[in-house]
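What follows is a single structure, and I will ask about it in a moment.
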Amino acid sequence: MEAVKNAFDFADMPKSELTIAGLGMAFLLLFPVLPHSSFAMATMIQFLMFSLYGMGWNLIGGYGGQVDLGKAQYVGIGAYTTAVMMIRWDVPFWISTPIGLALAVGWSFIIGYPLFRLKGHYFAIATIATSLVLKDLFEVWDFVGGARGLELPLKGDFPNWLYLQFREDYYYFYILLGLFVLGLLVVNGFRHSRLGYQLRAIKDNEDVAKSLGIDAHWSKIKAYALATAYVAVVGSFHACYNFNIEPEDIMSLDLSVLIAMMAMLGGAGSMWGPIIGASILVPMKSYLGDWLGGQAGLAGLDLLLYGGIIMFIAAAQPRGVYGIVEAVRARRRK
Amino acid sequence: MRKVAIFAAIAVLAVCLMPAMAPAAPKEIKIGVIYPLTGPAAAAGRELRAGAELAAKIANSAMDGIDMTMAKNAGIKSLGGAKLKLIFKDHQGNPQLGADLAKKLILDEKVVGILGCYYSSVTKTVSAVCERYGVPMINGTSTSPTLTKRGFKWFWRTTPHDKWFTKDLFELLVGLTKGKVKGVKAVPKAEIQKLAAACEKTEWGSNVSIEIKNFAKEYGFDLVANILYAAKSPDLSSEVQSMIAAKPGAMLFASYTSDALLMIKTLKSMKAKPKLIWGQDAGFDKPEFIALGDDIDGILTRSVFLPSVVKIKPLAGQVNKLYVKKMGHDLDGASARAFTGLQAWVYVLEKAGSTKPKAIQAAANTISIPGKQLVVPWFGIKFATKGDEIGQNVLGSGLIGQYQKKGDKMTLQVVYPFDMATDDMIFPFKGY
Amino acid sequence: MALLAVNQVSKHFGGLVANHEVSFDLYEGDVLGLIGPNGAGKTTLFNCIAGFYPLTHGSVTFGGKDITNLKDFQIARLGLARTFQIFQASGDLTVAENVMVGSFMRTRSRSLARKSAEGCLDFLGIADTGGAMMTELPVAAQKRVALATALASDPKLMLLDEVGAGLNPSEIEGLIEILKRIHSERSISLLLTEHVLEMVMAMSHRVIVLESGKKIAEGEPAEVVKDPEVVKAYLGDHFVKRREEDGDA
Amino acid sequence: MEDLGIQVLKSVVSGLLMGLVFALVALGLTVIFGVMDIVNFAHGEFLMIGMYTTLLTSPLLGIDPVLTLPLAGLVGAALGVLSYYGLIRFLLRGPMIAQLFGTFGLMLFLRNLALLTMGSEPRILHKGWLVGKSFIVGPGVVLESTKLAAAVLSIVSFALVWWLINRTKVGRALTATSLDAEGARYMGISTQKMNALAWAVGGASVAIAGGLLVNFWPVEPGVGLLFTMIAFATVALGGFGSVRGAFVAGVLIGLIVNIPPIWDAMLRMIDAAGLADLQIHSFKYTMVYAIYFLIMVIKPQGLFGWKQ
């Protein structure tokens, strides 16, 4: 029961942050009824998806300090489970998603065990390797459509809650928002849980952590599994939202890196970090890409700026945008 | 903290204040066009855009000297001379972005319909959006066979797809053995009995690979190597070694530009000597590929339009002249098909006499555009309404061209269909 | 029965012998000092006992249980806490959170962990630093936090590695006071290595002397310092000289 | 049987050549890591810039592409030093996570700068001493001239770097910096200068490699990533910071990716058509990553690693 209490316990957050979070939440709740373009809605959905990916990544990458560049493999497992089960056996989203989650988490335990014997850069490169191996397997596996990918059939009768097929995007938006709130609460609970403290202690100093009875290897694997759960669920959602999945899109290195980058830009190891990161990069990607690339014909300028911002933040404040906020706050306190 | 608050507020405002566009002006018909204008296929995107723009220009103004009904009057006659307005969007090769852009076009810009998207993977997601919203979409340039296997009610494709193109190849191979090819005596079948294929491991490439496998069986050829390779690979020597070791008569490829270049260079370095090399368009008809010069003399590529078509089709020459004026070079497979895709839109709208989706749907399902109206050498445009390829143009056909060096200039000559051949085929390929 | 029994422990790194057949017993309630010159193998022995290094030979039992092949964290859970000579923290956790990590060894509940952590901080007289980050504290306070964290894990025995290093004499006095209280009020046995001999001599019931990885003497502090071999090996000229220098300054 | 024997020979030759190319590309990465524990995500972009340098300057100066290599090296070194002083030295203060993040930003920046200025179409060299030449040495065994040159350069560079690190004063200073930056500072070695030197050497070596490779490989703004991933695997497999390790791992990876033709020859020999559907070729990089993963699990420090 204390876990639930922990999830709702925001007492350790500064008031200013809670105020902004409350305003942000109110805005998100009301967004569909505010005047907005459909592109803005699509961008908001991307924002929520990447926030959730980032929250998951943050559990192991931020709180645990383990640079994971292989999250896309779990997006793939989630998405493919939902797609395959729907196409072959007409299994609704709400049943296939927990199964996808279980498969992804199972896989994360299997590869997490050897992965976490590695440290630092070796670990980071190995996560890339495992993700690419899985992607390559999916690309030639006929059962899941190989490199051709899978297309989810339209079931008709919109809105179709069973298979998560809607004509209007606000259905998807609210479902994601529900997951987003749930995700936030789980992160908050995690922060306050024994595992959360232990993981941060491991990041601080692994030897000290071990001397305090922490099984560092196992703790990392557990946090990795929890991180995987986030990514897999959003992967399942992605399959339904996009109606089409291909290994190249959802299991690529690009996606893995993007997930990590957003969380790092916002601030790895802080609860709001991934959300801040997604709220900066997702609109940038959508709008700047459209303005500079599609309309001004300056292909690449948007990503060039994006790279510049990343370099600047990394050089100025290794803890990301949220780190800047904290630094400002610390200075004011002094 | 305050800074973040302000920043967040600005970001939030920027997102929600994107104004919803004003409703369409009465005398204007908006068509959303989604192409890869930036990203790896930006060069193709430029051609596609120019092709569609040229078609719109011809439809919107009365032009002399072009033997097309849409050139006769300004705008859509049945809609009171309403003009077409193209709204271009750039999907950058990203299917998710494509789908988002489609929503933007449908909901914000209130387009009547969609044209696009070149990449089959993007066409897939965009057409799924159109299907959900009941907005018609015509596709002129995506060749994945699966696109018309989905039974969509709002999706029509003018271009032939990879299955047809692959079939063309096998018709050509059979034709070679029977002496049907211009300038080539009947070739003993044993010479080209063995085939080796290398296709990139993507949605497109693996579909082509499957088609090659199926047709090889159907036409009685031996596929001695059927390789799927990782696209954008830093090394293709192992693939080429395996192909050469299988001693094939013909080598078949489905590759994009950088792989195609590396493939030819690797083939050359390993002194490959097949009797015939065929490429499934894409990387095999890009300027940088053509710049390989002597190395590609005699290589075949499938296409739907080659500049030499103007020799046999005067209308193509008329349009090509305008295109050269606009872009400085000839129409190619991409621009000619984008042109034809938009042309199909014009004829469908003309027939529908309305911008209501239902009317457009009915018009598209019953339209029949004769081949002499088109720049591409097809029999016409008529969409299948039943069977397993709903929405597919049944009157399309492909071409197979061969690179032939004429003086200093590399040209592409039609060698298939046999009755359209513009020059003698070079056979066998001279080898490296 | 001994609480901690070290039997013939050897540790080799490649060709280097860091510990050679070291044996000693520590009984419940003991305060045992482990001294020796730099490089004598004190820290290595600690690491061997606490399971951070696998032993080359020998065995270790703790509370009657053979812990030779247990992992570091398993040994910690049995009630053997250790502190580190160099305490590096990147500063993700506050002082209170740091101590709570220790408490979490015994409970899952955050409220219980917090209560126990507050108790430990209070016990060590640094209750007011709970909200600070580790990096903001002076060295003496950091040492106390490390002690508090170890204490929070409710151990039977604490291995303290150079806990007095880098402190001035008055801080050391305070530390001795605290350690004595930990020993008496919490009934925790102590095993300490120390450069600052005054501290070991003042606290230990018994002292073990290591030299070049071997045990050369064991006994009450007063006796050991008289042992000619110890004087020669460890105290010798070095100790005398340092005394003189201190006097000059 | 004879076919199989010849194929093994061919694959080994081709694998050795390609492996030496991979090693050459990875050399700069391992030098930089060895000195300051940074993995440079933008490594492939340095290669790309080297390729463009040769591609553009060769016709401009009217000299053979091979002769522009010093220029490519100069550009690479300048870029390396610039990256170090402009970005990397700030990143060194942060945790590993920020370093990866920062060099990733550099990668995006350089790649899209190229996209903006060079366009997305791949380009190739059409003329040059090395372009389009290959030698047949034995039954079907082919030596492609660019790969051969790159392989020779690879061996020379590795020998040179090995000599530089182990036999010169500067090399000892570099080693001292990598072992203990603090200590090196007390010895009067400027860490800043040593780090910048490592970036100059790393940048120059990979840019020269690029200038050479463009004689055979097409160049486009995204070309870097193809080689970066292999270089990462090479450096990690060999052990981060180990020059010898990178060399051995590069060759090993070259050999691995040339296994598929041997497999195919075997299938032909035993006439097992059913197995041909396994699509061994599409697994050639999968094998690299899988073997990397397996070796790391057995030996978490890489083959010759000495740094964590």
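The letters A, B, C and D name the chains in turn, as written, and every chain counts its residues from 1.
In the analysis below, a residue touches a chain if its C-beta (ideal position, glycine included) is under 8 Å from a C-beta of that chain, and two chains touch if they have at least 3 such contacts.
Being a predicted model, the structure only gives us computed values, none of them experimental.
Taking each chain's centre as the mean of its C-alpha atoms, the one that lies farthest from the centre of subunit D is C.
Across the two interfaces under comparison, A-B and A-C, the one joined by more C-beta contacts turns out to be A-B. Per-chain Cα centroids separate subunit C from subunit D by 48 Å. The mean-CA centres of subunit A and subunit B are about 36 angstrom from one another, to the nearest whole unit.
Centre-to-centre, using mean CA coordinates, subunit A is 43 Å away from subunit C.
Put simply, the C-alpha centre of subunit A and that of subunit D have 32 angstrom between them. For subunit C, residues touching at least two other chains, in rising order: 90.
Each of residues 136, 139-140, 299-300 in subunit A touches at least two other chains. Annotation for subunit D: residues 95, 120, 279, 282, 285 touch two or more other chains. Taken together, the touching pairs give a contact graph of some other shape, not a line, ring, star or complete one. Inter-chain contacts occur between A-B, A-C, A-D, B-D.
On the subunit C side of its complex with subunit A, the touching residues are 50, 52, 71-74, 76-77, 81-84, 87-93, 97-98, 100-102, 104-105, 107-111, 113, 149-150, 153. If you check the complex, the residues on subunit A that touch subunit D are 61, 65, 67, 114, 117-122, 124-126, 128-130, 132-133, 136-137, 139-140, 253, 257, 260-261, 264-265, 268, 298-304, 306-316, 318-319. On the subunit D side of its complex with subunit B, the touching residues are 3, 7, 10-11, 14, 18, 119-124, 126, 132, 134, 136, 140, 142, 144, 216-218, 220, 222-223, 226-227, 230, 257-261, 264-265, 268, 276, 279, 281-282, 284-285.
Against subunit C, in their complex, subunit A makes its touches with residues 2, 6, 192-194, 197-198, 200-201, 203-205, 207-216, 269. Subunit D contributes residues 33, 37, 39, 87, 90-91, 93-102, 104-116, 120, 221, 225, 229, 232-233, 236, 240, 279, 282-283, 285-286, 289-290, 292-293, 296-297, 300-302, 308 to its touches with subunit A in the complex.
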